[in-house]
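Going in written order, the chains are labelled A, B, C and D, and every chain counts its residues from 1.
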Amino acid sequence: MKLLRVTVWNEFIHERQNDDVRKVYPNGIHQTIADALGRHPELAVKTATLQETDQGLGQSGLDSTDVLLYWGHAAHDEVSEEAVLRLQKRVLDGMGLIVLHSGHYSKIFKRLMGTTCALRYREAGERERIWNVNPGHPIAEGIGEYIELEQSEMYGEPFGIPHPEEQVFISWFQGGEVFRGGSCWTRGSGRIFYFSPGHEIYPIYHNPQIQRVLFNAVCWVRPQGRRAEVPLHVPVENALEKISAQGAVMHDREGRLTR
Amino acid sequence: MKLLRVTVWNEFIHERQNDDVRKVYPNGIHQTIADALGRHPELAVKTATLQETDQGLGQSGLDSTDVLLYWGHAAHDEVSEEAVLRLQKRVLDGMGLIVLHSGHYSKIFKRLMGTTCALRYREAGERERIWNVNPGHPIAEGIGEYIELEQSEMYGEPFGIPHPEEQVFISWFQGGEVFRGGSCWTRGSGRIFYFSPGHEIYPIYHNPQIQRVLFNAVCWVRPQGRRAEVPLHVPVENALEKISAQGAVMHDREGRLTR
Amino acid sequence: MKLLRVTVWNEFIHERQNDDVRKVYPNGIHQTIADALGRHPELAVKTATLQETDQGLGQSGLDSTDVLLYWGHAAHDEVSEEAVLRLQKRVLDGMGLIVLHSGHYSKIFKRLMGTTCALRYREAGERERIWNVNPGHPIAEGIGEYIELEQSEMYGEPFGIPHPEEQVFISWFQGGEVFRGGSCWTRGSGRIFYFSPGHEIYPIYHNPQIQRVLFNAVCWVRPQGRRAEVPLHVPVENALEKISAQGAVMHDREGRLTR
Amino acid sequence: MKLLRVTVWNEFIHERQNDDVRKVYPNGIHQTIADALGRHPELAVKTATLQETDQGLGQSGLDSTDVLLYWGHAAHDEVSEEAVLRLQKRVLDGMGLIVLHSGHYSKIFKRLMGTTCALRYREAGERERIWNVNPGHPIAEGIGEYIELEQSEMYGEPFGIPHPEEQVFISWFQGGEVFRGGSCWTRGSGRIFYFSPGHEIYPIYHNPQIQRVLFNAVCWVRPQGRRAEVPLHVPVENALEKISAQGAVMHDREGRLTR
């Protein structure tokens, strides 16, 4: 069986600089997630961080990745424009992308969505209840009516995203807000899933149900088909139906604009 | 009655450099479109071009525009990143945007879509039949079963766009292709309509039915509501439901991340 | 100015049989809503109830209605199949439909959605906070970040609907649930808005913000274009491109299937 | 490995009554499709027809079906309301449904869509080119830029369907029309794919590429998750957050409406 190649990318800053975070994720959020996913024999999981060569987002690494999970918070601005463009191209060509928690504000998510991706937030360790609004969706497989987190950061509406193509989860917060925290999109040949739980100060990625959602999401965003080979110039003589050229032209025979 | 403020933006290059195009649009594509829209008393129409200050996309001009039509082809790369970001922000804040023909490859359209926006093309002066697949849609008001153009540039599938939120027109081409040439999206508080007919070598914007679609589209993309004021930090004491903070924190009282 | 013709339909049962409901809506829910909408001079508002001829859903009444609001709860089963089919046809031909509260379980809503339209519910007079998740949408015009109802019936996810085409409101409930209570669809040439608040035991339709949403929704679902004239048989000699018939046929010259 | 249980349902009328059709499908359209799908070892394929007990749509047969393909044309009216309701419930509970060609006008498709499902048509044995507009979609796997059929029945826009949730194919016709002939929806926990090619007078289901699409579609619509257990009454004392009941009530303790 061909293994699905998964890369868990993390900016890996808070876990090194903040004692509270280090206690929760001593080897980094990426390692906790990679360990959880690695228990599934059909996945080949590796990790990458901002501190590595090419910010952990080099071409060869991306080319050998089927699904990338992305966690960032403090260093969104430090991710280079080149890395973002490489990532975007790989997604459009078919790589699955799972954007986690504060990754909502990453360059790559904003680039793929085209919107602000802004939201309302509060850090009070309050209760979050992640409702499964789509029990028939593959990402909800094995999940009951809801997942309850005793301590979570509030992310609230309005969330500055394009209308999701599928809605899997909507969160309820003790302090009074709601949030579309499990949302799906397709961009080019790539699938994207945003999953909001995962504030670094709480042990959310240690939760087995959260780990199950991540595994389901990896399976759902995995590359589905091929990428489109475009742009494509079609010379008149290659038209599928026989036609003859008429009128003036702006392009040369290779389809290049003549200015 | 408050007039809807419309700006027709054009890169305005081919009409000045190419005799064939100049014959069709002696004062520029923007002027032909502006003249057509200007016959509607509820619109206040102005034009702007790449050659003007701030590339015709300065902040004050955008701030006084409710709907912007965008035509570009040869000079997409010359539009500055700053202009693109200003345009994007205005759209997200509610300004309507109509992207025309070769504008599919403009920086602003690719930025708002997040995809390649690539397509198949052929310049043979062939017949295009623009089918009205959504007779109940406001953009199709007054349009019959189809619009027929005796000479058009072929734009064909696959078109590298996110799945449209509404489909108004799909084109048939004599040479054998189809194209989703009338497509709708919402980004933030702004509406976007892409309309594919409009190759500069043919008199397409002189066609009364095409002009009708443009007018309908202006009305449909007009600003609808208000923009969301986000991101928004909510201090614990301002939570709508009474809660008390628990656990460690990563943000200060103003919601700034402490690194 | 041509007035928009609005009909508020109500099964009108609980207000006549239950003292608690009668106190809140002495003349029926329909009258309270009609009074609120009637203050807008651009609307011509009438009411209809299940007790009237043709269950208040006769052909001539529907034909002279641009937008119909529908409230039902106890008597869904009593609405005749004929009335449902008339309603459905009018919506597909362009009439706007606003389905209110327990109307989620009406025959017409289930018919237009194709799904169970089932939900979770609890009647405890608890607090509901209706979040405006789409501030740029016309139905949210004039509405702030949320509408708060001190007493409401809980409607909770999963809600058995097709994925909404646009999401305007999502509700938070004190008891711990969330609900997609402000959702939009298009069916044929007709627009549909479902709005969940409105349990008959609480004075929800007296709330000015709720009334504002209803007015906005009436404007949004109003007929937009024309209906499609189909099915349509196209004889070979009427094809838009010249073709000649080939092979055996199953239909006669008028397009009737020969069995 | 657990086999996917597929049922190919056919009204099976024209193949028995019309010589031209019998030559193309001597054992019925269902048998040709079943033979093609049966070559995939992961599928367990059976057939059913209108002439069988319970019209081939009995409860036990449906309960042991994961994916049902549906072909009908002449006898849509003969399918009983009970069979339609059984089918609808199975789809909402998770069974995949593939509606073929003239099945666009079946009771079950109209019931799940909520719309007319009407279209434009012409039977002239003309050329159809089925464009793959979504190369990254699983249903397009192994399919190139397009599938060409030398002889097909024209189905044209406007097609009376709700906006598809995903668009996989759009057809071009020699006579001048276009058609959204490969479209996806979700209803409840069930996935639906409509695929337009398949007029009984042409050997379309013998085409290996068409067979590939059918196989891909079977895989794509296969049951994904579980069905939602609703409606569900939540007594106040079972609320997830502690609340106390306030105000009058319309329901008894079991959630039954008291009239």
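Everything that follows uses one rule, which is that a contact is a pair of C-beta atoms (placed from the backbone, for glycine too) under 8 Å apart; a residue touches a chain by one contact, two chains touch by 3 or more.
These numbers were taken from a predicted model, which means no experiment stands behind them.
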Touch-network distance, chain A to chain D, counted in steps: 1
Selected pair, greater C-beta contact count between A-C and A-B: A-B
Remotest chain, chain D as reference, centres from CA atoms: B
Centroid spacing, where centroids are CA-atom means, of chain B and chain C in whole angstrom: 31
Computed distance of Cα centres, chain B from chain A, in Å: 27
Centroid distance [mean C-alpha coordinates] between chain C and chain A, Å: 36
For chain B, residues contacting two or more additional chains: 129, 134-135, 156, 158, 163, 165-166, 174, 176-177, 186, 188, 228, 240-241
Touching residues on chain A, where the partner in the complex is chain C: 129, 131-135, 156-159, 163, 165-167, 170-173, 176-178, 180
Residues of chain C that touch chain D when the two form their complex: 13-14, 17-18, 20-21, 73-74, 88, 92, 111-116, 118-126, 151, 154, 156, 158, 160, 162-163, 165, 174-177, 185-188, 199-202, 228, 230-236, 239-241, 243-251, 255, 257, 259
Touching residues on chain D, where the partner in the complex is chain A: 94, 129, 134-138, 140-141, 146, 148, 165-166, 174, 186, 188-190, 223-228, 240-241
